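In structure tokens below, several structures.
Next come two complexes, and both contain subunit A; in the first it sits with subunit B, in the second with subunit C.
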Partner chain A sequence: MSTELINLTVDDVPVSVPKGTLVIEAAKQAGVLVPHYCYHPGLPVAGVCRMCLVEIEKQPKLAIACATQVAEGMVVKTQSSAAKSARTGVLEFLLINHPLDCPICDQAGECELQDFTFQEGRPATRYSPVYAKRFNPVEDFGPDVLYVPNRCILCTRCVRFMEDVAKEPVLNVSERGDRAFIGIHPEARLDHPWAGNVVDLCPVGSLLSKDFLHKARAWELDKSASICTGCSQGCNITLDTREGVVVRVRPRPNLEVNRYFICDHGRMSYRWMNRGDRIEAPLVRRGGELHATDWDEALEAAATLLRGAARRGVVLASPRASTEALFFARELFRARGGDWRGAFQVVMGEEAALAAVPNLALRAERAPNARGAELLGYGRDYAAAVAAAETAAVLLVLDEPEIAGRTQGALIYAGTVLPAGGRGEAGGGGGGARDAQVVFPIANVAEEEGTFVNRDGRVQRYFQAKPTPGMARPAWWVFSELLAILGNGDGTEARVATAAAAFDRLASSVDAFRGLSYTHLGLAGVPASSTVPVPA
Partner chain B sequence: MGYPHKPHPRETVVLSRHFGEADARTYKGWVKRGGYEVLAQALAMEPGRVTDIVKESGLRGRGGAGFPTGLKWSFMPKEKNKPHFLCVNADESEPGTFKDREIMRWTPHALLEGSAIAAHAIQAEVVYVYIRGEFTEPWDFMARALAEANDARVFGAIKIYLHRGAGAYICGEETALMNSIEGKRGNPRIKPPFPAAAGVFGMPTTINNVETLAAVPQILKHGAAWYKGLSLSSPKSTGTKLFSVCGHVQKPGNYEVTMGFPLKDLLYDLCGGMRPGRTLKACIPGGSSVPILNREETESCLLDYEGVVDKGSMLGSGGVIVFDDSTDMVYQIMRLARFYAHESCAQCTQCREGTAWTTKILERILSGRGTTADLDLLLDLSENMTGKTICVLSDSCAAPVVSGIKKFKSEFEDYIAGRRKPVMVA
Partner chain C sequence: MTIGVKVMKRPGAEASYVLATLKGMALTFSHLWRPKVTMQYPEEKSSKEWALSPRWRGTHRMLTDEQGRAKCVACGLCPQICPANCIKLVPGEDEQGNRYPLIYEIDEFRCVFCGYCQEVCPEEAIHVGVHYENSEYSRDRFVYDLERLCAQTHPVSSLWDPSDPKGE
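== the complex of A and B ==
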């Protein structure tokens, strides 16, 4: 797109937009949402729903805002009587074959057909009840997608997504006239690793997620901005929760990272956030047994262990932990001039790219914050760190349930759940977090605020979506409290009250994050300083 | 299959001169009749010069829209940095139109010659002739003629391919036709970009009707001035036009007359008038997509682009459908609407749903269950179906409905009021 600016007015609001901008996008700049169905900024223009008809002065016919480019001096009227009646007409045509089954439709409450009909549709039908509506049976399109043809308005967003974005053209428009429906290749399934996006793209309740089917009504959901933990891509997502339970993951647009899409792996990676078998209270070893206690005693017990550890420690951290937590875990040793070693391990999986979007894929590294851990000095040589842990004075495990660290020193475990196995497994020098001296219950990604750094070094915030269970606290809070008790190294005991303050501490002491703050990061994130080399 | 009639003395046979002569279909026979002479001359000319001659002749597109042909050719990029294409629209599917069929059946070489000249004028190296799938006989003649002409190497570097449609009316719409050639579903495209900028395979393309191209060799042979002189009326409508007359006339068929010929004379003189004891009731002058004319309008209408517009309709493809006083106009309009409902490509909402809804209302009126509110509803739906879609298929459905209700309202009211026996429509 050119840098040349074009001046126009939309509903009397003057705007200047780059040459080549579509009227529908220019209208957004003017604060006007032109109703539309087939248009989607992430898909090629189809111009078929005819819903975005607007009046443009000096043009003989109404024009579709989604396929008309702006021109100097253009006067666009979205609310003229001609434009309004054209849209009312389209809505009427769309509704004649659309069932009135909103009460049992998953889309109700977030349905663009409902919204625009409410906004400018006719109050009553003129379609004589003598006629039967078009009927086609529900079809099973793929692992997570159902097609309800009766609700389909044939906007073809799904067809274009599969054809032009996923580059796996398994959907089409079959038949002609009012018999038309979305067809699927007879020998294919809608099982592309990114196929779930057709459910989000569908403006009505025609393409449904089996996972979300009849699970909740749209108006019961609370929506929180978050970052997908499925891989190192760092796709921006919205966590939809109902009464403190995550019930759905949807993409949140970010043109720099995931555009409008997320993969099915990320979409389905949320059930663990609702796990019930959580550690809900701090535990301290007393008389050979772990006992639940309060935060004061647990923090004091851990501080005692750390003070006696000659400042030598190993941190085995999860690359799913927040940057803030990783920072303070490190500072427990480093800030006090100690000798520490940190490492993480990454679960690997198959890579799956979204063909038409550059630099967007389900990445082989199934961890959201490996890059953040690297920037903070954590290494990838996990085996060596585990070996070093055996002789370390203190082993701090941060939510790494895959492996139970062994150490002859003291074991402090901060996690959401207790790792299985471990106890009595190796005998002798202790093994597994069940032999920890102190166990801290911490929040998971849905329960805290924090940041991840994606594979390209983009620092992105995620927000709290649901309450933490029991006495669990964010890991950054636990470690920053510990640090305050131990003394911050600079002699202060300043406590950190918020995630934003935790990030500020990180930003002021780590070069890669220098100058950043939660305000800067906003909802879209910004790149970490690229001049800082990754430690080997 | 012989051609049904000898030329009427008032016909001006330019394109149809050799209709009925089986020998004209062969390469030898065509050369004997002076064919391919002007092609050789044209290929030696500057492409721009050919375009200029066609511009001067005043030739306008015979497919329906009547766009000046030379002007259309001149839209092609002069600087050639991409392959250029010529598409020949031989997907004659407009109900009531059967002129291109006869051109391909009797004078396939006229079309091939005109296509090659046009391809030269627009600097296209490839010509696609998109032939309607149902045209089995014209296909055979075209294929034979093309093979013979290729053997005689008359086209120089120009390659001509025949492409067969699969039976969709909408593939006669120029951009749908291009999609179909590309192997895609025959859906009309949004314009812009126009074909001259990005047509078939995204390359600069010109698309012309069969009758338009068949006239081109004649224009080059006899000169633009001669062609321009073939007009009885408006200087903006020149040359001859084939009219396919069907319906309630004594002698239906193709008639070639000069532009500006009175429609009344075409029907009463050339076509032999109405059947005995019958009188004219209505006429659709330009294929099923244009507004219906009543008797008075028909009898005072001049057959050229402006003359028919004066009467509130369009010259269209020249498919003249004639209705006498025995006709049930409500039923006829329902049949037209049903055709468009069947053929809608399903892209645009108004067309997909509107054509089918219109048909249902008309069927209901015919079955005696209509109400007076239905007529207002039909007009309102037609308003929403006009000028709001990618192509003009839904406009075409609305045109006969609106003009029919306006001009034959009493027939609708007779069904609604129960004065007329209901018709059960399947």
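== the complex of A and C ==
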């Protein structure tokens, strides 16, 4: 797009936008949302719904704002009586066959047809109450998508997504006129790894997610900005919670990372956030058994183990941990001049790209913070680290409940869950996390604030969406408290109270994050310094 | 020395209690012939002179369809509008794939009987009832579940005066 700016007026508000901008986008800059259905910034323009009709001075007819490019001196009136009555007419047509089933429709509350009808539709229908509305049964489109043809307003966003973005054209508009509906290829299913996006794109409740069906009403949901933990792409998401339970994951637009989309793998990987079998209190080993205790005693017990450890430790960390947690886990050994080794393991899966969006795919590495761990000096040689753990003085395990190796030293486990089953066999230290000397209950990604670094080195914040169970605390808090108790010799260790302070401590001591600040990361993230080579 | 005594005149008929008693008894017995204002509750619950208003808002009742199923589609509007937060609703899906309430409970102790639930209900399913007899042996019996709400038979409130629906 050219850098040349075009000046125009939208509803008496002057705006300057780059040449080639569409009127509907220019209107957004003027603070005017022109009602629309078929237009979506992530899809090619179709201009089929005719909902965004606006009056443009010196043009004989109303124009659709989504397909008209701005011109110098243009005067756009979105609220003129001609434009409003045209849009009211469009809405009346759309509602001819639209069922009045908002009470049972999952989209109710976030439905654009509801919103715009409320905004500028007719207050009552002019159709006879005995007029029989068109009826078609619900169709099963794919693993997670249901199609309710009665509610469809044929905006064709789903068709264009599958055809132009996913490049798997299995949907079309079948039939014509008032018999038209969204058809699916008779031998195909809507099972593309990114197909779930059609549910988000649908402006009405026509395409529904089976996973979310009847689960919650839109107005009951609390929304929190987060980062997908499904893979190393780091897609921006919104966690929708209802009464402290994550019920849905939706994409959050970020033009640098995932644009407007997330894959189905990420969309479905939220159930573990609601696990009920969590560790709810710190545990310390007394007389061979783990006993629940308070934070003070547990931290003191861990500090004692670390003090006597000759500063030689191994950290086995989960690449799902926040960058801050990984940093403070490292500092427990490194800041005191100790000899440490950290490693993480990554679960691998199949890669699935979204064809039309460059550098967007469900990545094979199913870990959100593998890059962050690398930047902090954690290695990928997990097996070697497990072997090294056998002779280490302290083995600190961060949220990896199934530890294959054993250790002669003290085992400290900070995690969300304990593995099922009893203790490993006796003799020479432990096996699983249940054999730890101290167990810290930590928050998972939905329960804490923190940052992840995606595969391209973009540092992105996620926010707390639900309360932590019991006494669990963010891992960065646990490790920073421990560090404060241990001290670094000169007694300057200040306690870290907030995620922002934790990140600022990280940014001030790690080169890759230098110059970054928590507030500047914002909701879209900032690339970490790319000049710093990844430590071996 | 003798003490002087002043002899008072005894009061006559105006101080006598006999007449006053007779007057009082006359009033008492005259009530025997007056029209009765009491009602023989609980044998008698309403009369021509006195009945509950059709706009009375009492404990709830869920209306059912022809098959005896609750008319509720679990749209979630009543728990949303309820100012006392006394309605618990968990939506689900029945065998036909229709949306219906898996759990629908009203805590009648928390309820303030505002009638908003009836007013907001798009399916005309939940109603406040023209009903006032709610005694129970335990507090938890005052949480009415869906089955109990459907089993209520008392008339439902009209909420507003049918002849003057806008209250003018």
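Of note:
Keep this in mind: the second predicted complex is superposed on the first by the 523 of 536 C-alpha atoms of A that agree within 3 Å, B and C clash if a C-alpha of one lies under 4 Å from a C-alpha of the other, contacts with A are read in each partner's own complex, and residues count from 1 in each chain.
One rule holds in what follows: a contact is a pair of C-beta atoms (placed from the backbone, for glycine too) under 8 Å apart; a residue touches a chain by one contact, two chains touch by 3 or more.
Fair warning: this is a prediction, and the values are worked out from it, not measured in the lab.
Annotation for subunit A, partner touching more residues between subunit B and subunit C: B. In the superposition on chain A, A:P103 makes contact with subunit C only, while subunit B stays out of contact range.
Shared-chain residue A:V45: touches subunit B; no touch with subunit C. Applying the stated contact rule after C-alpha superposition, one finds that A:H214 touches subunit C and leaves subunit B untouched. Residue contacts after overlaying the shared chain place A:K58 against neither subunit B nor subunit C.
In the superposition on chain A, A:V138 makes contact with subunit C only, not with subunit B. Overlap of the subunit B and subunit C interfaces on subunit A comprises no residues.
Subunit C meets subunit A in the complex at residues 73-77, 80, 91-93, 97-99, 122-123. Residues 102-104, 108, 138, 213-215, 217, 219-220 of subunit A are the ones touching subunit C in the complex. Residues of subunit A touching subunit B in their complex: 45-51, 53, 61-62, 64, 67, 85-86, 89-90, 92-94, 96-97, 126-128, 130-131, 153-154, 156, 172-173, 175-180. Interface of subunit B with subunit A (complex): residues 168, 170, 185, 190, 341-350, 352-357, 360-361, 364, 369, 377, 381, 383-384, 387-390.
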